[in-house]
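Following are the structures in question.
Heads up, the next two complexes both have subunit A, just with different partners, subunit B and then subunit C.
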Partner chain A sequence: MIANVGYGALVITLLTALYGIGAALYGALRGRPRWVDSARNAMLLTFPLLTISALSITALLVANAFEVSYVQAVTSRSMPTYLRITALWGGQPGSLVFWSWLMALFATAVTLRDWRRDREFLPWVIVVSLVTLAFFLILSIGFENPFQRYWATPSGAVITAMFQPQGTTLFVPPDGRGLNPLLRHPGMIIHPPMLYLGFVSLVIPYAFAMAALVTGRTDDRWLRLTRRWTLWAWVFLSLGLILGGRWAYDVLGWGGYWGWDPVEVAALLPWLTATPFLHSAMIQEKRGIFKHWNMLLVILTFEVMIWATFLTRSGVLSSVHAFAQSAIGPLFFAFIIITTVLSLGLLIKRWPELKSEGELRSLLSRESLFLINNLLFIAILIVCIWGVFFPIFTEAAGVIGQIFPGVAHIFTGQKVTVGPIFYESATGPLWAALLFLMGIAPLSAWGSSTARTLGRAVWKPALVATLALGAVFVVAGVRNGVALLALWLCMFVTAVTLYEFYRAAMARSRAHGMNMLVALWQLAGRNRRRYGGYIIHLGVVLMAVGIIGIELFQTETQASLALGESVTLGRYTARYDSLAEFDTNDNRNVARAVITLFKDGVPVGELYPRRDYFYESEQPMTIPGVRSSIEDDFYILLINWQPISTQTATFKLYHNPLVNWLWFGAAIFLLGTFVAAWPEKEPDAVIETRARRAAVQA
Partner chain B sequence: MNKFMIGGIILLAGVVFLIVTSTVAGAQYFYTVDELIERGAEAVGTPARISGAVIGETIEYDLATLTLNFEIAHMPADSQLLNDEGGLALALYQAVNDPSRTRLRVEYVGPLPDLLQNEAQAIMTGRLGEDGIFYADELLLKCPTRYEEAAPEQTGN
Partner chain C sequence: MKGRGWVLLAVIGLALALTGAAGAQTTEPPSGQPPTEDEVNAIAKNMYCPVCENVPLDVCPTLACQQWRDQIREKLIEGWTEEQIHDYFVLQYGDRVLAAPPRSGLNWLIYIGPWVLIAAGAIMLARLLWRLRAPAAGPEPPPQPPANGPDDYRARLEAELKRRDLKD
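Now for the complex of A and B:
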C-alpha cells in the first residue's frame, strides 16, 4: 500500500514536471504570462509530491517492510531506527529519490523568491530545473525503482516487480541484508546528503545562466542573483568532502583521510570547477570582464556535477566505493551530451553580446592573478579527469594499435591505471602555486600593477614568513625541503591575510575613533564577501599545515605484546594492560584492549582500540583508539589477539603530527563561508535605489 | 597581449609536463591473473594492479611480522564479462570453486583487512617477484554478497 502511494507520487511528479516544462516553454515563447504562472505552480507542486514519495520510502524502511527489495537490501531488524531512516540514501534507488527531493526543495525555494524584477528569467529557470528533475525521475521510475517488491512464482522462484505479476504471491524475506558496518558512522551518514545538497544547489546558477543566454539579458544580473546559491553549494560540497575524509580517518583504519580513490576524485571534480567560478564571478561583477569564461565555467560545473553523480553511482570505476552497479550509465551520458550541446549552442549564439567591458592590461593585476587562479584549478581538474579515465583511455587506445601496427607496442589496449603517486606529484605543484597566489593576490592592485608596486607590498609579509620559517628550522628541527617550502607558503599567506585584517581595522578605528576589535567586527559585517573569503583562506592554510604534517611526517610501527609489555613510537609509549571479549545486545562481538599511553614517560590516559565483529553481516570492523591534541594524534589499532588466553595481542600504531589542524582548519573554513554567504546589511535593491537617487540629484 | 600568450604557454607546458611525468611515475598495468602469468619474466618488477578472487582456505597471517599470505583465483576483469557471468558475486563464487582457474600467491605486510574472506574480490597494487609471488603494497577488498549486487533469487532461500 505505502509502496504504491510512493510510486504513484513519483509518477505524478514526473507528469507534473513534464507539464511544467511544456507550460513554461509555451508561456515564454508565446508571451503568455498565465502559462508561466501555471508552470510555476507545477514547479511548486513537485516538492510536496516528492516529499510523499521520500516519506513512503522512509516509512517502509522504519516498518521493516522487507517485501520491498530496497528495504531488504539496505536494512535489517537489528538496525536502530535512525540508521533505518538514513538508509534512504544507503543505496542507489533511494539515493536517486533523495536527490530529486533535494532538487525539488531548492527549485521551490528559488521559485518562491520575488520575481518582479526578473520576470523574463522565470520560465527558463523553471524549464532547466524541471528538465533536470524529470531526468532523475525517469531514472527512478524506469530503472532504479525503490518501491519494487518481491514476488514468489508457483515454481518457487522469487522475482522483483513493481506490481503483482500473474499467478504470484507477495514474498516477504524474514530479514534484510543490513547496512555495511563500515558505513555506520556519523560522518558517513551525513556525508552523502551534504555532497548531494552541493550537487543540486549547483543546478540553480546553471539554470539562471541558461535563462540569461536564452533571453539575451546577458548583463551580470544572473551572476548577482545566484552568487549566494553557488556559495551555499560550495559550502555543502566542501563539508561533504571533509566529512568523507573524517570518516575514512576514523573508520578505514589506515590512519589516512584521502586515498585518491577514483570515486573520491569524482566527488572532488565539481568542487574544482565551482571554486574558480566563485572567484572569477567577482571579477565580472567588479570589472565586467571574463563573461564568456564564467558562462563556460558554469556550464562545465553543471556537467561535471551530473558526471560526478554518475561516476559515484554507476560502477564504471573499479573502486571501494562502487558498491552500486547498474545500467543507467548510458542515460547519464546521453543527458550530459545533450545538455552540453544545447548550452554551448546558446553560448555561441550570444557570444558577441557577452563582450568584455574592459581588458586585461597587466600580468600582475588583481584580475590577471584571478585568471591564473582559475587556470590552475582547471589544470587540477584536467589532471583528475585524466587520472580517473586513464584506464578507460588506455583500454580504448588498443584500437589505434590495431589500425596502425607500427605503434601497436605502445597502444596495446592493456588497461593501465594511475595510483595516488600520480595525483600527488601532478597536483602538488599546482596546489602550491595556488597557495602562493592566495598570498600575493590580495596585495595586487586592480587594473594595472607592476612588479615594483607588488614587490613593495609583498616584501614585508615575505620577510615575516621567512623569519618564522627560520624558527621552525632551528626550534622544530624540520629539514625536509618540500615541507619547508610548503610551510613557508602557509606562513606567507597567513602573514598577508592577517596584515590585511590589521590594516583595514586600523584604518577604520582611526577614521571613526573606535576600538580595534569593534572595528574588526564591523569590517567583517561591511564587506562580508571579502573578509569571509580571507577567513576561508586562513582555514585553507591551517588545513594545508595538517596535510603537510600527516603526509610528510607520519610514522608508524607495529608490535605483538604480552600483557604488561610496552611499545614505543617517538615520544609515546603504549602499555598493553588488558583485553576483554564480550557480546553486545545489538549483535556484535567486541574485543577491546586497554592501553595506557605515556608521553615522555608521563601517563597521559587510556586508549581502547577494539575490533567489533558483526554476526549478521559476518564482518569485523576495527575501531582505533586515538589520543588527539593540537600537536598530533596517537592512533592505535588492535590487529589480532589470542582468543583463548587473551595473553598476547598485536597492535599497529601511527603517529600523525599536526593532523588536527586539518579538522580545525576545516571548521575555520566553514566559518568563513558562513560569513561570506550571510546576507549583507543592505540588500542590493536599496543600494541601487540610492545610487539612482544620487544620479538624479547630480 | 603578447605577455599573456607567453604566460599561458608556459602554464600549459608546465601542466603537460606534470601530467606526463606523473603518469610515467604512477602508471600501473591492470592485469588479470592470467595476463600476469602469461607475461612471465617480463612482468617481474614492474608496477601492476591486479584483481582476483580470494580463496579463503589459503589465508595465513603471521602475527609476529604482520605478514599476510593468500591465493587468488583468476577472474575476468571486464565489467561486461562480469555481467554475463551473472554479477560479481557469482563470478567470484565460480572463480574460487573452479580448480582449473589459474591461481596466484600474494604477500602483503600490514594489518589484517576487515573484509578479507573467502570469495572476496581483492584489488591490489604491487609487483610480481622472481619467486612468482605477488608482493602487494596496497590491498582493496570488495565483498559483493554483503551489498546490493546479490541476486534476489539467492536471497529468497
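Now for the complex of A and C:
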C-alpha cells in the first residue's frame, strides 16, 4: 500500500514536471504569462509530491518492509531506527529519489523568490530545472524503482516487479541484508546529503545562465542573481568532501583522509569547476570581461555534476561492464551529451552578444591572476578526469586489440589501477601554484598592476614568511625541501591575508576614529564576499599545513606483540595490555585491544583499536585508536590476532604530524564560506533607493 | 615500472617459458633473513589486489590480502627484490595490481595526456597575457589606479565599499 502511494507520487510528479515544461515553453514562446504562472505552480507542486514519495520510502525502511527489494537491500532487523531512516540514501534507487526531492526543494525556493524584475528568466529557469528533475524521475520510475517488490511464482522462483504479476504471491524475506557497515558512521550519514545538496544547488546557476542565453539578456544579471546559490552549493560541496575525508580517517583504517579513490575523485570534480567559477564570476561583475568563459564554466560545472552524481553511486568505476549492463549509464551519457550540445549551441548563438565590455590590461592585474587560477583548477580537473576514466578506457580499448590483432599488444584490454601516486605527483605542483596565487592575487589591483606596485606590496609579507620559515628550519629542524617550499607558501598566504585585514581595518579605524576591532567587524560585514573569501583562504592554508604534515612526515610501523610487549614509533611507545573478543546484540563480532600509550616515556592514556566483523554482510571493519593533539595524531590499528589464545596481536601504528590542522582549517574554511554566503539585504532595493534619492537631489 | 622493468619482465617471462616451471626462478640466493613487517608493507603499499577495490594491499583487512602479504614475505625471504615481486604479481593478475599503470604501451597516455591538454591551455593563456606586455593603447583609463600610499589605499577602500553598497 505505502509502496503504491510512493510510486504513484513519483509518477504524478513526473507528469506534473512534464506539464510544467510544456506550459513554460508555450507561455514563453507565445507570450502568455498565465501559462508561465501555471508552470510555476506545477514546479511548486513537485516538492510536496516528492515529499510523499520520500516519506513513503522512509516509512517502508522503518517498518522493515522486506518485501520491498530496496528495503531488503539496505536494512536489516538489527539496525537502529536512525540508520534505517538514513538508508534512504544508502543505495542507488533511494539516492535518486532523495536527489530529486532535494532538487524539488531548491527549485521551489527559487520559484518563490520575487520575480518582478526578472520575469523573462522565469519560464526558462523552470524549463531547465524541470527537465533535470524529469530526467531523474524517469530514472527512478523506469530503471531504479525503490518501490519494487518481491513476488514468488508457483514454481518457487522469486522475481522483482512493481505490481503483482499474474499467479504470484507477495514474498517477504525474513530479514534484510543490512546497510554496508562502512556507511554506519555519522560522517557517512551526513556526507551524502551534503554532497547532494551541493550538486542540486549547482543546477540553479546553470538554469539562470541558460535563461540568460535563451532570452538574450546577457548582461551580468544572471550572475548576480545566482551568486549566492553558487556559494551555498560550494559550501555544501566543501562540507560534503570534508566529512567524507573525516569518515575515511575514522573508519577506513588506512591512516589517511583521502585515498584518491575514483569515487572520491568523482565527487571532487564539480568542486574543481565551481571554485574557479566563483572566482571568475567576480571578474565579470567587476570588469565586464570573461563572459564567454563564465558561461563555459557554468555549463561544465553542470555536466560534471551530473557525471559525478552518476559515478558516485553506479559502480561503473569498478568495471566498465557495470556501465554496459545497466540502462542507467547510457541514459546519463545521453542526457549529458544532449544538454551539452544544446547549451553550447545556445552559447554559440549568443557569442557576439557576450562581448567583453573591457579588456585585460595588465599581466599582473587581479583578473589576469584569476585567469591563471582558473587555468590551474581546470588543469587539476583534467588530471582527475583522466585518472578516473583511464582504467575504464584501457579496459574498453581491448576491443580494438581484438579487432586488429596487429595492435593487440598495445590495446590489451587490461584494467589498470590509478592510485594516489599518479594524482599526487600530477596535481602537487598545481596545488602549490594555486597557493602562490592565493598569496599574490589579493595584493594585485583590478584593472592594471605593474611588477613594481605588486613588488612593493609583496615584499613585506614575503619577508615575514621567510623569517618564519627560518624559525621552522632552525627550531623545528625541518630539512625536507618540498616541505620548506610548501610551508613558505602557507606562511606567505597567511601573512598576506592577515596584512590585508590589518591594513583595511587600520585605514578605516584612522579615517573614522573607531576601534580596530569595530572597524574589522564593519569591514567584514560590508564586504562579506571579499573578507569571507580571505577567511576561506586562511582555512585553506591551515588545511594545507595539515596535508603537508601527514603527506610528507607521516611515519608508520607494524609489529606483532605478545601481551605486555611494546613497540615504539618516534616519541610514542604503545604497550599491548589485553584483548577481548565478544559478540554484540547488533550482530557484530568485536575484537578490541587495550593499548597504553606513552609519550617520551610518560603515560598519556589508553587506546582501544578494534576490528568489528559484521555477520550479515560478512565484512570486517577496522576502527583505529587515536590520540589527537594540535601537534599530531597517534593512530593505531589492530591488524591481526590469534583468535584462540589472544596472546599475540599485530598492530599498525601511524604518526600523523599536524593532521588536526586539516580539520581545524576546515572549520575556519566553513566559517569563511558562511560569512561570504550569508544573505545581505536585497541588493535591488538598495539600488532603487539610491536611484530615487539621486533623482530627488537632482 | 620503468623501461628497465620491461626488460626484467621479458627476462622473467623467458625464464619461465624455458624452464616450464610454474614457480619463478630466482637469480639471487635466498638471504635467509626474515623480513620485518615494515619491509613487507613497504612493498604492499604500492599494490592493490583485484578484489578489494581501491584499498592498498598494506592495509587491506581481508584474508585474501593477508595471504598476498604472506606471499610477499616468502618472496623476500627467498631474496627477491621489490621489482621482481611486483612483476611476479603482474604476471599472475595483470597490471591492475600496481598502484600506478606501468609506463608502457597505451599507459603512456595517462602520463602524457593531461600535460598535453594543460600545456595547450597554458599556451593559449600565455599568448593572451603576452599581448598585454605591450602597453594597452585603449582610451579606457585604468579603473583603479594602484595604491601609492596610505591615503590612496584608504580612498580606494572607501570607494569600493561605497560601490558595493550601491551595486550589490
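Throughout what follows, the second predicted complex is superposed on the first by the 650 of 698 C-alpha atoms of A that agree within 3 Å, B and C clash if a C-alpha of one lies under 4 Å from a C-alpha of the other, contacts with A are read in each partner's own complex, and residues count from 1 in each chain.
Basically, a residue touches a chain if its C-beta (ideal position, glycine included) is under 8 Å from a C-beta of that chain, and two chains touch if they have at least 3 such contacts.
Bear in mind that the values here come from a model prediction, so they are computed numbers and not experimental data.
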Return fit or clash for subunit B versus subunit C, each positioned on subunit A through the superposition.
clash
Looking at A:Lys415 after the superposition, I want to know if it touches subunit B, subunit C, both of them or none. Which is it: first, second, both, neither?
both
Is A:Ser617 touching the first partner subunit B, the second partner subunit C, both, or neither of them?
first
Which holds for A:Phe390: it touches subunit B only (first), subunit C only (second), both, or neither?
both
Figure out whether A:Asn180 sits in contact with subunit B (first) or subunit C (second), or with both, or with neither.
first
Contacts for A:Lys652 in the overlay, against subunit B (first) and subunit C (second): which applies, first, second, both or neither?
both
With both complexes superposed on chain A, which partner does A:Ile382 reach: first (subunit B), second (subunit C), both or neither?
both
Mind working out whether A:Gln558 is in touch with subunit B, subunit C, both or neither, as first, second, both or neither?
both
Pick one for A:Thr596: touches subunit B only (first), subunit C only (second), both, or neither.
neither
Between subunit B (first) and subunit C (second), which, if any, makes contact with A:Ala73: first, second, both or neither?
first
Looking at subunit A, which of its residues have contacts with both subunit B and subunit C?
253-254, 318, 360, 363, 368, 372, 375, 379, 382-383, 386, 390-391, 414-422, 426, 558, 560, 620-622, 637, 639-640, 650, 652
Help me check something: in the complex, which residues belonging to subunit C touch subunit A?
37-38, 41, 46, 48, 53-56, 59, 61-62, 66, 94-102, 105-107, 109-110, 113-114, 117-118, 121-122, 125, 128-129, 132-133, 136, 138, 140, 142-148, 150, 153-154, 157-158, 160-161, 164-168
Residue ranges of subunit A in contact with subunit B within the complex:
69, 72-74, 91-92, 150, 152, 157-160, 171, 173, 177, 180, 182, 253-254, 315-316, 318-320, 323-325, 360, 363, 368, 372, 375-376, 379, 382-383, 386, 390-391, 414-423, 425-426, 429-430, 558, 560, 617-622, 637, 639-640, 648, 650, 652
Parts of subunit B lying in touch with subunit A, wherever the complex brings them together:
3-4, 7-8, 11, 14-15, 18-19, 21-23, 25-31, 35, 47, 49, 51, 61, 63-64, 66, 77, 79, 88, 110-112, 114-115, 117, 123, 125, 138, 140, 142-143, 146-150, 152-153, 155-156
Report the residues of subunit A in contact with subunit C in the complex, numbered from low to high.
224, 252-255, 259, 261-263, 287, 318, 358-363, 368, 371-372, 375, 378-379, 382-383, 386-387, 390-391, 393-394, 397, 409-412, 414-422, 426, 445-450, 453, 457, 503-504, 507-508, 510-511, 523, 526-527, 556-560, 611, 620-622, 637, 639-640, 650, 652, 680, 683, 686-687, 690
